[in-house]
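Following are the structures in question.
One chain, subunit A, appears in both complexes that follow, with subunit B as partner in the first and subunit C in the second.
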Partner chain A sequence: MKYFLQRIAFYLFTAWAAITLNFFIPRLVPGDPVQSLIAKFRGQLSSEAINSLYVLFGLDDDRSLWSQYIDYWGQLFRGDLGLSFTFFPAPVSQVIGDALPWTILLVGVTTIISFLLGTSLGVVAGWRRGSWADGLLPVTTFFSSVPYFWLGIIAIYLLAGPDSFFPSSGGFDSGLIPAWDQYFIPSAIQHSLLPALTILISSVSGWILSMRNMMVTVSSEDYITVAHAKGLSERRVAVGYAARNALLPNVSGFALSLGFIVGGTLLVEIVFSYPGLGFILLQALGAKDYPLMQGIFLIITISVLVANLLADVAYMLLDPRTRKEG
Partner chain B sequence: MEPVLEIRNLNVDYGLGDKAVHAVRDVNLTLHRGEVLGLAGESGSGKSTLAYGLTRLLAPPGVITGGEVVYHPERSPAYDVLRLTDNELRAFRWAETAIVFQGAMNSLNPVHKISTQLTDVLRAHEPKMSEHSRNARAREMLKVVGISPDRMEAYPHQLSGGMRQRVMIGMALILQPQVVIMDEPTTALDVVMQRQILGQLIELRERLGFSVIFITHDLSLLVEFSNRIAIMYGGRIVEEAPASTIYRDALHPYSKGLLGSFPALRGPRRELAGIPGSPPDLAGMPSGCSFHPRCPKAFDPCSANIPVLGRPGTPDGSVRSVACWLHPVPAGEE
Partner chain C sequence: MTIPTSSIEQVIPGQGSMAQPESVRPGKAKRQRFLFLRNGKAATGLVILGVYVVLAIIGPWITPYDPSARGNDLVQPPSADHWFGTTHLGQDVFSQVLEGTQSVMFVGFLAGTIATVLSVLIGVTAGYLGGKADDTLSALSNVFLVIPAVPLMIIITSILENASDTLIALIIGLTSWSWNARVLRAQTLSLRRRDYVEAARATGEKTWRIVIFELLPNLTAVIASGFVGTVIFAVLSEITLAFIGITSNSGWNWGTILFWAQGQQALGQGAWWWFVPAGLAIAFLGTALSLINFGIDEFVSPRLRSAGKTKLKTASGGTVRMRIGFTPVLSNSAEPHTHARPLPREAVK
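Then we have the complex of A and B:
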C-alpha cells in the first residue's frame, strides 16, 4: 500500500510538471500568437474572445506570471480550456469532448481485442513451438514491421470505393445526425470496420511476437520443468505456470498502449479522415490553433499517466514480488 | 535386496541423425528399495541427463534412443516407464518418482503462493481429496521439513534459498513417492545449509523409507551420505561400488582422480591432485575408453577398445563393477 501511495504521489508530481510545461510552452513561443491569430481571423473575433485569448496565453500585461499561473489552474479545474480557432466559437473542451469518444471507441476497442487475441495466439505459438504454429511467425514479423498508415492506404485502395461495402472516409454517413438510433450506430460501425481492421492487423502481430518470445523464455525456467515433473496437466502448466509468468511484460506493454490510444493512431485517423482526436490534432496543427493543441496535449499527457498508473496497479496485482508489505 | 528402479541400456542423445550428441550411453543402473545411490561425475558427464531421461523430462532436442527404465511398485507388477502413455506418465510422475532440482532459487513459481504450489500436486493426483485435507497435508509437509506452517501463504521470494529448497523437498515427499531423485539439490546453498538439509533428508528417508538417487559433482558428500556410488564419465558409468569401497579402494583412475581432488578430514596430510585436462567433448569422443587422453595409466588397449562395465576379478569378491582395461572382466562373466 505504501508503494502504491508512493506511485500515486509520483504521478501527481509528473502531472503537475506536465501541466506546468503546458502552461509555459506557449509563453516561450517567440512573437505574439494572439496578434497573428487576430490577423488571421480579422473581423471575426469579438473583443471578449481577444481578451480571453490574452488571458489564456498569459499576454495580458498587467498581471504577473504567477497570478496567470494560478488562474490557469483555476480554468483547468473548471474544465475551461479556452476557445478553439479552427472550430470557432466552440470551446476547446467541447471540440475534444466530441472527438474523444470516436477515438476511444475505435482505438480502445481494437487495442483491447488486439491484445487479447495476440496474447492468446502468442501463448499457443510459444507453447507449441516447433509445430504448425511456427508458420505464423514470418507473417506476424511482416505485419508488425508494416506501418499501419501504409496498411490503411492499401486497404482503402483495395477494399474501399464508391460501390464497396467499406466507406473510405469519415465516421458515419454524411446524411445522418449523430444519435443512439438504429440508423446511426450501424453506419458508425460500418465506417469503423476498415480502420479497426488496419489497426488490428498491424498491432496484433506485436502482441503475438512478444508473448511467444516470453513463453519460449519462460518455458526453459526451472519451475516449468518442476511443474511437468509434478505431473500437472499440460493445460495447468501452460496457463498457470508458463503463461501466467510470461504475461507480465505484456501487461505493462498493454497498459502503456492504452495511454497511446489517444495520440498514437493519429495517422490512421488521418488516412481514414476519422473524426477522432488525431484528426482534430492535424487540423489544429494546420491552423496553428494553440488552445486546441494545448488541450489535446493535456489529454494525451493525462491518458499516458493514467495508463502508467494502471500498468503499476496491474503489475502489483499480477506479480507478488512488486507488492511490499507495510 | 529388492530393486525399485532398474535402468537398462539407457541411451540419450541430443539432436537427431548424424549430428546427434550421445550424452548417455548404455547405462545400466539399479536402485534398491530404501538405499541412497550416489551418482557423481564432472560437469557434462551426463548425470543430469540420465536423471531427466529416466523421468522423461528431457527438453528438446534431447531424445531417448533406447533402453528401458523398469519401475517396481510396492504391490503391483513392474512396468517400463519409457512405454507409459502421456496420461499414465502424468500419473506416475511425482506419485512414484519425485525430483528435487538443482536450482533451489528457481524451482518455485514466483507468482503463486507456497500453498498453491504444494496443493496443486494433490489436486492433480488426488482429485477426490477435499480442500481442507489438501491444506492440512501441505501444512504437515512443511512441518516435516522444518518450516513453520504459517509460511503457507508466503510467496517464494519471501523465503531464503535454504527454505525454498526445503519447501521443494517437502513438495517432493507430499505424495510419498518410492523414489526421490536429487539433482545437485544443495549446490546453490552455503555449506552449513547444505549439511542441515542433507542431514534432514537422511533422517526423513529412514522415517519414510523412500529410495534416493543423489546426483552431485561433490564426491565427498556422497562418501558420507550414500550407500552406493556410481561414477559417470563421458556419458557412461565407469565404476560402481558401495560408498566405503569406492572411498577406500577406487579402481578406475578417474574415480581415484575425483577422490584425490578433495582433502580427507582425518588421516595423514596428502597432496591434493586434480585431474589434468578437461572433460571430453561429447560431440567428438575419443576412441576406446573416453578417459584415456587424461588417464595417467593409459596403455595400449585403452585407445583402441571401449572397456566393458563388469565385475573385476577382485580377491575379496565384493559387489562392484568397473569399466577399465587395468581391471579386465574375467572371460565368461559380465
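Then we have the complex of A and C:
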C-alpha cells in the first residue's frame, strides 16, 4: 500500500509539472505572437478568441506571472481549455472530448494486444534460443526501425484502395452517424483494422526483444535448474518459472514506453486521417491553433499518467514483493 | 559429439569478455576492442553506419541535380536520368535523399550527444551521491520519462517557428535524456559499492577523480548503448517533426521528402518512388544503429548472443538441444563411464 501511495504522489507531482510546463511554453515565444496571428487570420478572429489568446500567451494587461498562474489553474478546474479557432467557436475541451475515445480505443487496444503478443513471442524466442525463433530478431529489428507513419503509408499503398476491404482514411463510413448500433460499430472496426495493424507491427518487436533478453537472463538462474531437476515439464518451467519472473521488468518497461508509443500512434492517425487526437493535432498545427495544441498535449500527458498508474497496479498484482512492505 | 566452443566459454563464469574489466592489463586493451568488432552484428551495423556518415559528408557534392531545382519531368518513375524518379515539381528524389542525409545525421548525432552528456551528468551524479541529491535528480528524470516526449517536441517546435536543425537537435536532446539517466543511475548504484571504488575512496581520491577514472570507464558500454539508442530516437523524431511540416522548409531531410509526398497525394498517384526511398533510408539507418546496440549488449552480456546451432545430432540419431547450465542427458545414451556409482538406498540412510 505504501508503494501504491508513493506512486500516486509521484503521478500527481508529474501532472503538476506537465501542467506548469504547459503554462510556461507559450510564454517563451519571442515577440508578440498574438499580433501575428491576428494578421494571419485577417480579422476573422472574434474579440473573444483574441482575448483568450492574450491570456494564453500571458500578454494580457500587466498582471503578475503568479496571478496568471492561479487563473490558469482555475480555468483548468472548470474544464476550460480556451477556444479552438480551427473548429471555431467550439471550446477546446469539446473538440478533444470528441476525438479522445477514438484514440483511446485504437491505441489502448492495439498496445495491449502488441504487449501480450510480443511478450509471448519473446518467451518462445528466449526459451528456444538458437532455434528458428532467433530468426525473428532481424526482421523485427527492421520493422521497429521504420517510422510508424511510413509503415502506415506503405500499408495504405499496398492494401487500401477503392476496391479493397480496407478503407484508406477516416474512422467510419461517411454516410453513418456515430452511435452504438449495428451499422456504425462494424464500420468503425473495419476502419480501425489497418491503423491497428500498422501500430502492432511497429511496436511488437520491442516487446519481443526485451522479453527474449530477460528470458535468457532468467533461464540460467538456480531456481530454473531446480525446477528442471524436479522433473517438471518443459512447458511448466518455461511459463510458470522463467516467464513469470522475466515478465516483471517488461511490465515496468511497458509503463515507461507508453509515452513513446503514443507519440508514434499520433502520426499513424495523421496518415490514416483517423478522427483521433493525432489528426486534430495536425489540423491545430496547420492553423497555429495554440489553445487546441496545448489542450491535446495536456490530455495526452494525463492519459499516459493514468495508463502508467494502471500498469503499476498490474505490477503490484504480479510482484508480491511490492505488496509486502507496509 | 562436438560442442561449439563458444557456448562453453559463455558458461564458464569469469571468462566472459566483460567479466573483470578492471583487471585487464593495458597491453590487452587493443585486442578487447577488436573483440567487439568480431561480433557480426556490431560490425555490420558499423559498416552501414559508416556508409551513411560518408554520404552525409560528401552527399551535397555528389547529387546529380540540385534537389530543389524544378524540372520538366513531373512525377516520373525511376529511370536512368532520375534514379529514384521525380516529384510533382520535377525535382530529383535521389538528390533529395542524398542531400537529406546530412541533416538527418547531424541532428541525430548532435541530439544524441546532448542527451548523453545530460544523462551522464544527471544519472551518474544521482547514483553516486545518493541521498537528497539522488531523490531530486531521480524525480526529475522520472518526470521527463513519463511526459510523452514526441507531443512535447511537437508543441515546442511549432511555437518556435521555422526551427533550424541545430535548434531541433537541442529540443530533441533536452527532452530525451531521461531513459539513459535512469539506466546509468541504476548501474552506478551497483558499481559504487564495489571493492575497487571503496578502495579508491579509502585512499582519499577526490570524488570527481573516482567518478571519471573509476566509474566512467566501467560505464562505457552503458553510455555507448544509450547514445546509439538516443540517436535512433532523435532521427525518428526529426523525421516526424519534418513530416508534419513544422520545421524549417529551407533544407532537405527525409521527413521533408515524405511531407511533400504526403501533401501532394503521392499515394493517390501511385508514385511509390517518392516515399519508399526515404523510408528505406530511415529503416536501414535505424537497423544499423540497433545492430550496433545488440553488439554492445552481447559484448557486455555474452549470454544474449544468438547461440547458433544448438540442436545437435547424436551418434544414435537422436537430437539434443544444448542449453546454458544444463548437461544434456540422453535417454538412449550408453551407461556413463564414471567410477562413482549411486549408493544403494540403505547406505544413504
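One rule holds for everything that comes next: the second predicted complex is superposed on the first by the 266 of 326 C-alpha atoms of A that agree within 3 Å, B and C clash if a C-alpha of one lies under 4 Å from a C-alpha of the other, contacts with A are read in each partner's own complex, and residues count from 1 in each chain.
The working rule: a contact is a pair of C-beta atoms (placed from the backbone, for glycine too) under 8 Å apart; a residue touches a chain by one contact, two chains touch by 3 or more.
Given the structure is predicted, the values throughout are model-derived calculations rather than measurements.
In the superposition on chain A, contact is made by A:Pro147 with subunit C only, not with subunit B.
In the superposition on chain A, contact of A:Ser67 is made with neither subunit B nor subunit C.
By the touch criterion defined above, A:Thr20 reaches neither subunit B nor subunit C.
By the touch criterion stated above, A:Ile270 is placed in contact with subunit C alone, subunit B being left untouched. In the superposition on chain A, A:Asn51 makes contact with neither subunit B nor subunit C. Considering which of subunit B and subunit C touches more of subunit A, the answer is C.
Judged by the touch definition given at the top, the superposed model places A:Tyr241 against subunit B, while subunit C stays out of reach. By the touch criterion stated above, A:Phe297 is placed in contact with subunit C alone, subunit B being left untouched.
Judged by the touch definition given at the top, the superposed model places A:Gln6 against neither subunit B nor subunit C. Within subunit A, the residues touched by subunit B in the first complex and by subunit C in the second are 130, 220, 225, 228. Within the complex, the subunit A residues that touch subunit C are 10-11, 13-14, 17-18, 21, 25-26, 28-29, 33, 129-131, 134, 137, 141-142, 144-147, 149-150, 153-154, 156-157, 168, 213, 216-217, 219-220, 224-225, 228, 256, 258-260, 262-264, 266-267, 270-271, 281-282, 285-286, 288, 290, 293-294, 296-297, 300-301, 304-305, 308. Residues 55, 57, 59-60, 89-95, 98-99, 101, 103, 106-113, 120-121, 124-125, 155, 157, 168, 171 of subunit B are the ones that touch subunit A when the two sit in their complex. Listing the residues of subunit C that touch subunit A in their complex gives 139, 142-143, 145-152, 154-156, 158-160, 179, 232-233, 236, 239-240, 243-246, 258, 261-262, 267, 272, 275-276, 278-279, 282-287, 289-291, 294, 297, 301, 303-304, 306-311, 321-326. Listed in rising order, the residues of subunit A touching subunit B in the complex are 130, 220-223, 225-233, 236, 240-241, 244-245, 248, 318-321.
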